[in-house]
Amino acid sequence: MYQLGIVKRNIQRADRGAVDRLANFGAATVHEALGRVGLMKPYMRPICTGAHVAGTAVTVLLHPGDNWMLHVAAEQIRAGDVVVAAVTADCTDGFFGDLLATSFQARGARGLIIDAGVRDIKDLVAMGFPVWSKAISAKGTIKATLGSVNITVVCAGAVVNAGDVIVADDDGVVVVPAALAQQTADAAAAREANEVAKRAKFAAGVLGLDLYDMRGTLAQAGLKYID
Amino acid sequence: MYQLGIVKRNIQRADRGAVDRLANFGAATVHEALGRVGLMKPYMRPICTGAHVAGTAVTVLLHPGDNWMLHVAAEQIRAGDVVVAAVTADCTDGFFGDLLATSFQARGARGLIIDAGVRDIKDLVAMGFPVWSKAISAKGTIKATLGSVNITVVCAGAVVNAGDVIVADDDGVVVVPAALAQQTADAAAAREANEVAKRAKFAAGVLGLDLYDMRGTLAQAGLKYID
Amino acid sequence: MYQLGIVKRNIQRADRGAVDRLANFGAATVHEALGRVGLMKPYMRPICTGAHVAGTAVTVLLHPGDNWMLHVAAEQIRAGDVVVAAVTADCTDGFFGDLLATSFQARGARGLIIDAGVRDIKDLVAMGFPVWSKAISAKGTIKATLGSVNITVVCAGAVVNAGDVIVADDDGVVVVPAALAQQTADAAAAREANEVAKRAKFAAGVLGLDLYDMRGTLAQAGLKYID
Amino acid sequence: MYQLGIVKRNIQRADRGAVDRLANFGAATVHEALGRVGLMKPYMRPICTGAHVAGTAVTVLLHPGDNWMLHVAAEQIRAGDVVVAAVTADCTDGFFGDLLATSFQARGARGLIIDAGVRDIKDLVAMGFPVWSKAISAKGTIKATLGSVNITVVCAGAVVNAGDVIVADDDGVVVVPAALAQQTADAAAAREANEVAKRAKFAAGVLGLDLYDMRGTLAQAGLKYID
Amino acid sequence: MYQLGIVKRNIQRADRGAVDRLANFGAATVHEALGRVGLMKPYMRPICTGAHVAGTAVTVLLHPGDNWMLHVAAEQIRAGDVVVAAVTADCTDGFFGDLLATSFQARGARGLIIDAGVRDIKDLVAMGFPVWSKAISAKGTIKATLGSVNITVVCAGAVVNAGDVIVADDDGVVVVPAALAQQTADAAAAREANEVAKRAKFAAGVLGLDLYDMRGTLAQAGLKYID
Amino acid sequence: MYQLGIVKRNIQRADRGAVDRLANFGAATVHEALGRVGLMKPYMRPICTGAHVAGTAVTVLLHPGDNWMLHVAAEQIRAGDVVVAAVTADCTDGFFGDLLATSFQARGARGLIIDAGVRDIKDLVAMGFPVWSKAISAKGTIKATLGSVNITVVCAGAVVNAGDVIVADDDGVVVVPAALAQQTADAAAAREANEVAKRAKFAAGVLGLDLYDMRGTLAQAGLKYID
């Protein structure tokens, strides 16, 4: 992990079918389906509400104020990928703007997850290129120091291996290990099916206290009602 | 204050008429009308701009990562209430999503104020259920530890008693003690009436320096004009 | 710098033609054109996405919780100005709302940049008065202590002299010294022209690696490709 | 709560004997003894490690950048009090320095808890006057706006009534309601007695797994050991 | 990674000799020797200045407000280990105090690295048990939810595998993969040897400009001297 | 301001006598004497309590993660200088350690003020080289991009011109324009003399209410005493 100056060309991407099934579910559902792990920190926010993507990770390790490796990463993108960019130290500079977005989009990228800043927000939104970032900043970057592409990185507190599935929406960004993509999609589907019935009951006024049969456990834990 | 494991069933809600009058005013106006106290910290933000609610508080004290008491609170909601959730320590987890929102809405809740995170943002917005929160996070919670319902809580720096009036909009969240609801509505109405005339004068180019007769005080304080 | 109790009436505003030319470019482009300096910190955010202004700075130095000098500043505004407000210590109070916005707008101000909080967000957006701020807060301010108008201030980490050009959009706020306005507009135009061709190539699938001829430098720096 | 412009002269201080018993215990022990409530947020830190005080609260509500009411509060101090200062909005200014500390100390105050900044750190430490604060700042304050003394305040997220017991050490600041002082001291003593035996066992190598008989519960919860 | 409810008993610890050699170097030197990777975020601070430890990692994954797994981890500690505790979401609660420290110390632990809060600071310092943490808080935790022991975790932005070497001092915490311990110790020794000569030259007034032969490169980069 | 790639060799340092007089006063006193302006933000903290320096500023503008210009600055240091380092974007990397400190000390520098991180804390403290910084981080920096030396910079929110006086202690860092050094020293001396008498009165139990004759103003402002 964290070797500098390396580009891995052949990575094992998660099964495309599983990725596309995962695209039907929100980040919260996928996070639960995965066993409540793999979530990036909540400071990662979409630059525009309403975006929702699922794709396979091309990972990049950057240095503060230096976006050189994003150009190296562009060549490794295949249709259906999501680029995941980590930085070796906290930085809010705008590493990514409309030119790189044009390039990434032309290569087939579905979006960008970056633990740093981005710029050209108006253009990115107009292009429909979804981005989740830590910051927005007009400050550009230089191209001077080697990082790596497709090594394992830590992005916003989550470990991401090249080829893992990224599911991102307004609730946040979750990472599904490639090997667990199919079973996570199954679990997400089951969970969602289960919620349809619950939602109808809640809408009809049934309480969670009864739906989940909590009254006994609460009483046992010592809950007291006072008039 | 802060007794754990208690649910107060009978609370004294602020007068409904006063609450509905307060609904006509923004949080900034109500805050001024109340004597510039009772405001939650500005990190409390609506999940969607444009929301504006006034209602009576059903309070909940939660533990980090545990939303059990939100289900207990649901049963105490009456039409016109706003649920106010405090947590015993800082936490950004998503304590609340579309299922609980469906339940709260079915019980007549007008919104949620929570000093923590929420999730299922897209659904909440689509449902038109207004939420003010500290964070957005896909991370769910467990149901293991007792908190309390309708005790006095501190939410985002403001004391909230069950039955107090909550007024929230894009500017923030203000808490009006139930006993002061009527007089605060009166003061807000007076303030707003007063601002109509001022706004017209400002629009016509009159300066605050003249409208508020500040020139003498400024000179006395020592303000110097330099060419 | 930072003399309290002073209002400079005659300031040297940047050339209007240059300001209007700069209005054609985003903050990121202007920041690059200026040599990558003069950017405010990225915590300065527009209260509403999509705003884009360029204007000449009327500067104000405020004290925490005290907006008295904003009224003094109003008188100094001329058509095409942008008010830039600094505070002597960190503060999130709402120093500015719809009444002052009405006054500023009537005086010809194009917007406000304030290193503090603002309120009446809904009204400000409805009025189309653009504001970049550090916070949103319903909490109002008092009028008790002298600051200054049109002295040099530090706002969100950037030095601003009265008369400098402010360019602000969704990416942030950049300050162009009045004497450099024309040449910065030239450089921005050149940069933008240059980007049109690049954007087309990126859209056609050309990689930055080739467009910027980076492969040699990367190899020289030691980049290794692994299969 | 939060009435401005009021000084309550006669307050009901917690029993002195109970306060002095509580002085034997750390904030963590008292917090547990009280039922795990009443703790200020952990950003409140002592200006010097090793301080440990217990006393009865004289409360003050201040405005940002204005320390006028600290002088009003000084007159209300009796021997054994701890001053607790809240502010109506976040502020890091240095509200308190060596002169006020000299005055407070002369009046018999045991320390200061302030949800803002202080200055003259070197002098305060030399005087042996303990302070817990949110910040350290050389920036002084003005004396212009009324707050209140001995009303109920929210300080660093905790509700404090005049006369409540404050226990503060390197671990933080806890507030014990005056009426619960005696029983909390009892509970703290019991807890501490209990810990002596435990500490000896831990030191002898006994595991918490066995001391607290956790193995069964862990297995039941599904914990698996892998070789 | 991140499987819940698992305890790995047999882990491959880094070579003891290499660990003890690494103990001779500071975190900054080890970080450079490792190729400038593996550093935890700088919010991780020692509870007491002057501490310096190197040891093999026993990892723990905790849930917010729940320290159950620290007791499970205690049993896995061998002499020379450092416990590294990650949490599934941001939390500042005090997960660890003097009792657990007594237990860990009795088991041979050299210290604790925890991405959360600790308490009983005075006792921990008196015991000489070194701790690096994100926060200090008197608030205790419950024992209700399973995490894991000796799985790979992300702690303060760094990936830690059970058995990796942890080197921590006043500058921060660095993680050396077990397989690289020996060669990192070699590189650190070489680096340190090299610095001795440099330090002497700097002390004699030689400039880095000359020592590192930078004048040419600076001139080539365009640096201009102005009188 | 903010021209990149420039080193100003001949700067106008503040009068040495005035600097040495200012060294007798704390940052808080100097800040008041200067008219309550010129203070850096309170996040700037000494790496070791008890340090107190006054000196003339040699300024440096750095880029995130790049300390090249600190070596360029070293050559410009004369006995009695304090180096003030600003960065073009927020960064916590450790730009400065024991080698550079050895060099700076050999050149006669009295200390370093840096709006970023430093490392080798133990060595810096042992050397007695005082540093005020935003962060401590073991992460080193590269030497790749030109900044400037002795241009005007913004450091932690304060404008600093080369040659200005820096006064720093446990309370923070204040910047005195070179031209105001003498009169600020006079004002500080007067202020300090005035405080001696006040301190004695406070120690004797006189209240600020009486010493500053506040009772009338407070009553006029509407303060009410309640029994």
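Note that the chains are named A, B, C, D, E and F in the order they appear, and that numbering of residues resets to 1 at the start of each chain.
In the analysis below, a residue touches a chain if its C-beta (ideal position, glycine included) is under 8 Å from a C-beta of that chain, and two chains touch if they have at least 3 such contacts.
Bear in mind the structure is a predicted one, so any value in this text is a computation, not a measurement.
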Shared interface partners, meaning chains that touch subunit B and subunit F: A, C, D, E
Selected pair, greater C-beta contact count between B-D and D-F: D-F
Selected from B-E, D-E or C-F, interface repeating B-C by over half of its contact pairs: D-E
Distance from subunit E to subunit C - Cα centre to Cα centre, in angstrom: 41
For subunit A paired with subunit E, centre-to-centre distance based on mean C-alpha positions, whole Å: 28
Between subunit C and subunit A, distance of the C-alpha-averaged centres to the nearest whole Å: 31
Of all residues in subunit C, the ones touching two or more other chains: 36, 88, 90, 92, 137, 139, 145
Overall pattern in which the protein chains touch one another (line/ring/star/complete/other): other
Which pairs of chains touch, using the document's own definition: A-B, A-C, A-E, A-F, B-C, B-D, B-E, C-D, C-F, D-E, D-F, E-F
Residues of subunit B that touch subunit D when the two form their complex: 1-4, 35-38, 41, 88, 90, 152, 154, 157-159, 177
Subunit D - residues contacting subunit C, complex: 63-66, 88-93, 137, 139, 142, 144-145
Subunit F residues touching subunit D - in the complex, by the definition given at the top: 26-28, 31-32, 36, 39, 42, 45, 49-50, 52, 169-172, 174, 195, 198-199, 202-209, 212, 214, 218, 221-227
Subunit F - residues contacting subunit E, complex: 5-10, 68, 70-72, 74-75, 92, 94, 97-100, 102-103, 105-107, 117, 119-122, 125, 135-140, 143, 145-146
